[in-house]
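Heads up, the next two complexes both have chain A, just with different partners, chain B and then chain C.
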Partner chain A sequence: MTLARLRRQSIGYALIAPAMLVAIVFLFVPMIVSAFWSFTEYNGVRPPTWVGLDNYATLLGNARFQRSFWNTVAFVVMGMGLGPPLGLASALLLNRALAFRGLFRVAFFLPVMTSLVVVATIWKMLYNEGGLINTVLTAFSLPGHGWLSDPGTALPAIVVASVWQGFGFETVVFLAALGGIPRDYYDAAKVDGAGRWAQLRHVTLPGLRPTILFVYIIGIIGSFQVFDQIFVMTQGGPVNATRTLVFHLYDKFNSLDLGEASAVAYFLFVVLASLSWIQFRFFGERE
Partner chain B sequence: MAARRLRRAGLYAFLVGASVLMVVPFYWTLSTAFKESANVFASPPQLIPDPATLDNFEDVFTLLPFPRYFVNSVVVTGLIVLCNVVFGTMAAYAFAKLRFPGRDLIFAVLLLTLMVPFQVNLIPLYAIMVRLRDATGVIGADTYFGLVAPSAIQVFGIFLMRQFLRSIPNEILENARVDGAGEWRILRSIIFPLAAPGMATLAIFTFVGAWNDFLWPLIVTSSDEMRTLPVGLALLARRNTVNWGQTMAGTVLAAAPMIVVFLVLQRQFIEGLTAGSVKDVG
Partner chain C sequence: MNRLTRPAVALAALALAVSACGSAASPSPTSPPATQAPATQGPATEAPVETPAPSIDTTPVTITVWDYYGEATPVKPALDGFQVAYPWITVKYEALDWDSMNEKFAVGVSAGAAPDVATLDMTWIPTLASNGVLEDLSALSGGMLNGAPIAEQYEPGGNEAMQYEGAYVTMLFDFDVYALYYRADQLESKGIAIPKTWDDLRAAAKALAEDTNNDGKPDRYLYQVWPDTFHWAQFLFQNDGSILTADKTAAAFNSPEGVAALEFYKSLIDDGSGIYWGPDQGDQMAAFKDDTIGMFQNGPYVMGLLKSGAPEMAGKWKVALAPYSKQPGSYLGGTGLGIPVAAAHKQAAWLFIQYMLRPEQQVGVFTYAGAAPATTAALESPELTKADPYFGGDAPFGVFLEAMKTATHFPYVKAWSEIQTPTIDDAVAAALLGQSSAQDALDSAAEETNSLLEK
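Presenting the complex of A and B:
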């Protein structure tokens, strides 16, 4: 009996061994190393020298870092203001018997499957001075615009492309969740005389609460890490108007400021961890 | 009745309009890829390339080894999916159904790492890969190993499979044990078959994530022969700011494989990418 149990235990360890080996070497070790590097000055060649909190202090006082932080916040706020509501609206529209429902769903989901690099390249062409968007605007006698070359419109333009790419995911997530709200609830609401809006407010939205929380947590964490679109469309420009946290990190990595780059990474980590905590704490468990 | 029909018509008009907005950028990409460079920004715009040309594709092929990028993407994505499905299911089975000291603690520590964004690991990972390459010459930075290893296990995948495997009744496993089946045998002939739908979900979202991944492949590769499709395309687009026909030809080549796979397996993909998420929260 004990021998069999011992055997079974050792099999447990054997089964998790490959996964744990990868996790230790490529997850835990790098995590700890970069925490250490964030307190050092390190260029990858000479051994790191301890500088305490200097990197963090430098970052917080650095205008380009501040800019990249606020740009990232603006990207997240705009993206999260547009994407999930758009996904919810399309899900509500698609959540009924419709001819070609599957076709609409595929159309909305197609960009989700496509890599951000592909989407960003396509939209870079569409935003071009002579591109399709300006051509359409001119056809309606509206002025064209250098969407990505104007610091005022570059970031919103990237947000639009990103929302276009991503809201189909939210659509199908909401669609799946809508299917899980029992019909009886709607019937009961109708008996109580609830109209369409009242049903939406008192049955649908409460029923979607956990899904909305999920979509926002995933969305905020993902948007805070925005990089691919920036790399392809603007390289952080014009004049840092689209420089984001991860792009700043990439820049510091390229210029071999590895200490500062690690500090950016941990700054991002702390921001994301506190945001997730706030979301769970205040919106997670009200039921 | 009339109001109802009007609303219905409005709904369809809106949905069709929205679908057009989703499809037009793809169509425009395809169309531009076949245009002569003088006609790319022609006014009025050419909906259908006239004359249609294959020059852009030829140029892209001579400029960059796109077939090689495709092979790299296939190999790297295939290995990542394989490792995640096999090792992930093995680990998930142990966490879900076997008892051993430290099990819950190890799992909790793994779950905590879900909070850590990849960028935190990025620079040390790169340093590890460079050192591995210097020491061995065959694995590390700018090799398939370097591209695959950091993604060979996703904690979220283990978590998802564990949820899935917990729904398998213990009696089935106990009966097999009474019949004298060892744990490896149980894994092979009971768990893997029963877990197949979960493994398919895991395979799909790992596939999509790995195929579209950009930041890590950008950093860990340095030679043209090791680039993946997204990295190859991004470098083409950066090098090539004027010749949009060429860039769009590259975009078509980079996007086509995934779009074809998606159109063939659309239901599985949409369900696979959402199932894991919705089940856990809803």
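Presenting the complex of A and C:
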């Protein structure tokens, strides 16, 4: 290694040192300590007692935790089934020469910049028995509904609010990616007689493959961590219908059961790491 | 836990918490042995400087106080008087809110950043005390509060509620028991007698409810049915039921008394006279104002809410003892003042608690927050016993004081917070929503409760 190269690397290490230090102190050390807690009975006051895999065994055998897991999966499936396609559709529309295109872009992105708590509060008001949604239904002689009180509609209602809040982000990401697909590809496709649908299928979607992968990885990770909306709108109810993994963690933490709370956190970590690996392995490799 | 691992542990607690906030207490001198400060009389702002007992450490200290009362707090107005009375103690006052206090307190405790004094909901005490979070106030106080035995300054129920395994772990600052709030103007105009039994309540609720849009469903003057442990427990206790067995080792709420209580509670919805108060019902105060709610059971703090939120309804509401089936009964809760075991300045914190429990500060619980002070001396003060024009010239505090005599606090077991929410809460909601029968819902919750108790 030459002296000049060593000097260059030293400068690089010096520049990343502050960020590394912050990551070590505020991320890696707490993660390691939390991993240790997940194998202990610990309430934050008395010294932790080693219990091995008991916390994990208790969690996996707990019906309420299982319900939390499946609710989270349902939230992810519904959210990812609606959000990215909606983001892509709006990006395709906005990518065309529309009047007020800039205004629409801002309008779509505005909810993303709004606090989730504010968004959840607004949607809770919309879902109220005397709220806008029921008022409109009643105006059309349709019966109103207790959207958040009915275990059958509470989770879908939260999904709708979450998708509304988040799809603007996907729109902006897809818009940027659409700009990166060379026009030549479309011209060549047109010469070959491809219509709009064929262009979308054979040019746009393949060109967006890395972006779609990115959107789904980020979206799935974010959806698995859903909490704010649940906390504001339903507190996990009615009857566990909207209880999710992070809400379960929150409950355990509030009960000063830091051992089980940490086990939930690591269960979530393993699920997310596995899903991300699968996505990269089967969808990212072809890039 | 040693000094090297403590910061890492604190960071891990913060990383784990969904929301976190804390404040570090200032460095601590060694706490002196238990002492008793002499009581003083007179308004808070004119409090004379205390002459400290020889055993009291008067080294200047700063104590941190966490208060969840909000804008109408009786704690903050007392600080100037405390500073005058105890000039060597500076109070670092931090206003929090009830909704987030529990998790912030948990984070503070586990991160080693607990306050010296905190307002704590009495329903949190079982979890906090059983986890060893709260200081033993019996040892710190020597059993004395402002110069008199603690037990003599509270009603028996309140005195019992402050103890965990025979030791005081909190001092009751305001109390919460349930009574029946009713629209007196409507009951009077419709010739409905104030309900005294469950049968009366069912008949009164039915006679009170109105269907204004003729859709076959009453929509005005309804009985408010909260799907939670607090509200159902009133009926359980009134039907001679209990939450756990006497030895606190198993669930007892799925007894025939408990099932009958839940079935009765549900019947108020089934016959159309009650309204299920779920998350999409909106603002409770709006429902009081627009006449959606005609009756409900709740604690004395709602008197303050009504007065400040609906002053135009003066004279329309009154309070009566809750109707019962076999015996009067209510849960007993409220706000306690507690000192975490990790508090830096326990002696100064205890002086602060004593100051807040003097009659003149206790009256502030009523005058500022509209809630019910806990000490008997305060309850007998003229401010609380005088007629209240808002409640039709009645003295409603007397009703709550009467209810307190037969009230029961929730069981002091380690798993209580999980037994209450979500276990029993879910059972009550499932039965009220018709997802399962009262018996099945309570049996399922009892099974979960038993496994929580075994843990």
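Simple rule for what comes next: the second predicted complex is superposed on the first by the 269 of 287 C-alpha atoms of A that agree within 3 Å, B and C clash if a C-alpha of one lies under 4 Å from a C-alpha of the other, contacts with A are read in each partner's own complex, and residues count from 1 in each chain.
Quick note on the criterion: contacts are C-beta pairs under 8 Å (C-beta built on N, C-alpha and C of every residue); 3 or more make two chains touch, one makes a residue touch a chain.
Because the structure is predicted, anything quoted here is derived from the model rather than measured.
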Label the relationship between chain B and chain C on chain A in the superposed model as either fit or clash.
-> clash
Chain B versus chain C as contact partner of A:227, first or second or both or neither | both
What is the contact status of A:56 with respect to chain B (first) and chain C (second): first, second, both, or neither?
-> neither
Which of chain B and chain C A:127 touches, first, second, both or neither | second
After lining up the shared chain so the two structures overlap, which partner does A:90 touch, if you call chain B first and chain C second: first, second, both or neither?
-> first
First (chain B), second (chain C), both or neither touched by A:135 = first
Where does A:180 make contact in the superposed view: on chain B (first), on chain C (second), on both, or on neither?
-> first
Would you sort A:265 into first (chain B), second (chain C), both or neither based on which partner it touches?
-> both
First (chain B), second (chain C), both or neither touched by A:216 = neither
Looking at the overlay, what does A:114 touch: chain B (first), chain C (second), both, or neither?
-> first
Larger contact residue set on chain A - chain B or chain C = B
Check each of 220-228, 256-264 or 274-282 in chain B against chain C and return the one that clashes.
-> 220-228
Shared chain A contacts, counted only where both chain B and chain C touch the same residue | 25-27, 29-31, 33-34, 37, 44, 124-125, 128, 130-131, 227, 235, 246, 249-250, 253, 258, 261-262, 265
Residue positions on chain A within touch of chain B in the complex are 8-13, 15-16, 18-20, 22-23, 25-31, 33-34, 37, 44, 90, 93-94, 98, 102-118, 121-126, 128, 130-132, 135, 139, 164, 168-169, 172-173, 176-177, 180, 210-211, 213-214, 218, 221, 224-225, 227-228, 231-232, 235, 246, 249-250, 253, 258, 261-262, 264-266, 268-269, 272-273, 276
Using the touch definition up top, name the residues of chain C that touch chain A in the complex.
-> 1, 5, 8-9, 11-18, 102-103, 106, 109-111, 127-128, 131-133, 227, 276, 278-282, 341-342, 415, 417-418, 421-422, 425-426, 429-430, 433, 435, 448, 455
For chain A, which residues count as touching chain C in their complex?
-> 25-27, 29-31, 33-34, 37, 43-47, 58, 63-64, 124-125, 127-131, 146-151, 227, 233-240, 243, 246, 249-251, 253-256, 258, 261-262, 265
Within their complex, state which residues of chain B touch chain A.
-> 11, 14-15, 18-19, 21-26, 28-29, 32, 41, 43-45, 83, 87-88, 90-91, 93-95, 98-101, 103, 106, 110, 113, 115-128, 149-150, 152-153, 155, 158, 183-184, 187, 208, 211-212, 214-215, 218-219, 229-231, 233-234, 237-238, 244, 247-248, 250-251, 254-255, 258-259, 262-263, 266, 269-270, 273-275, 277-278, 280-282
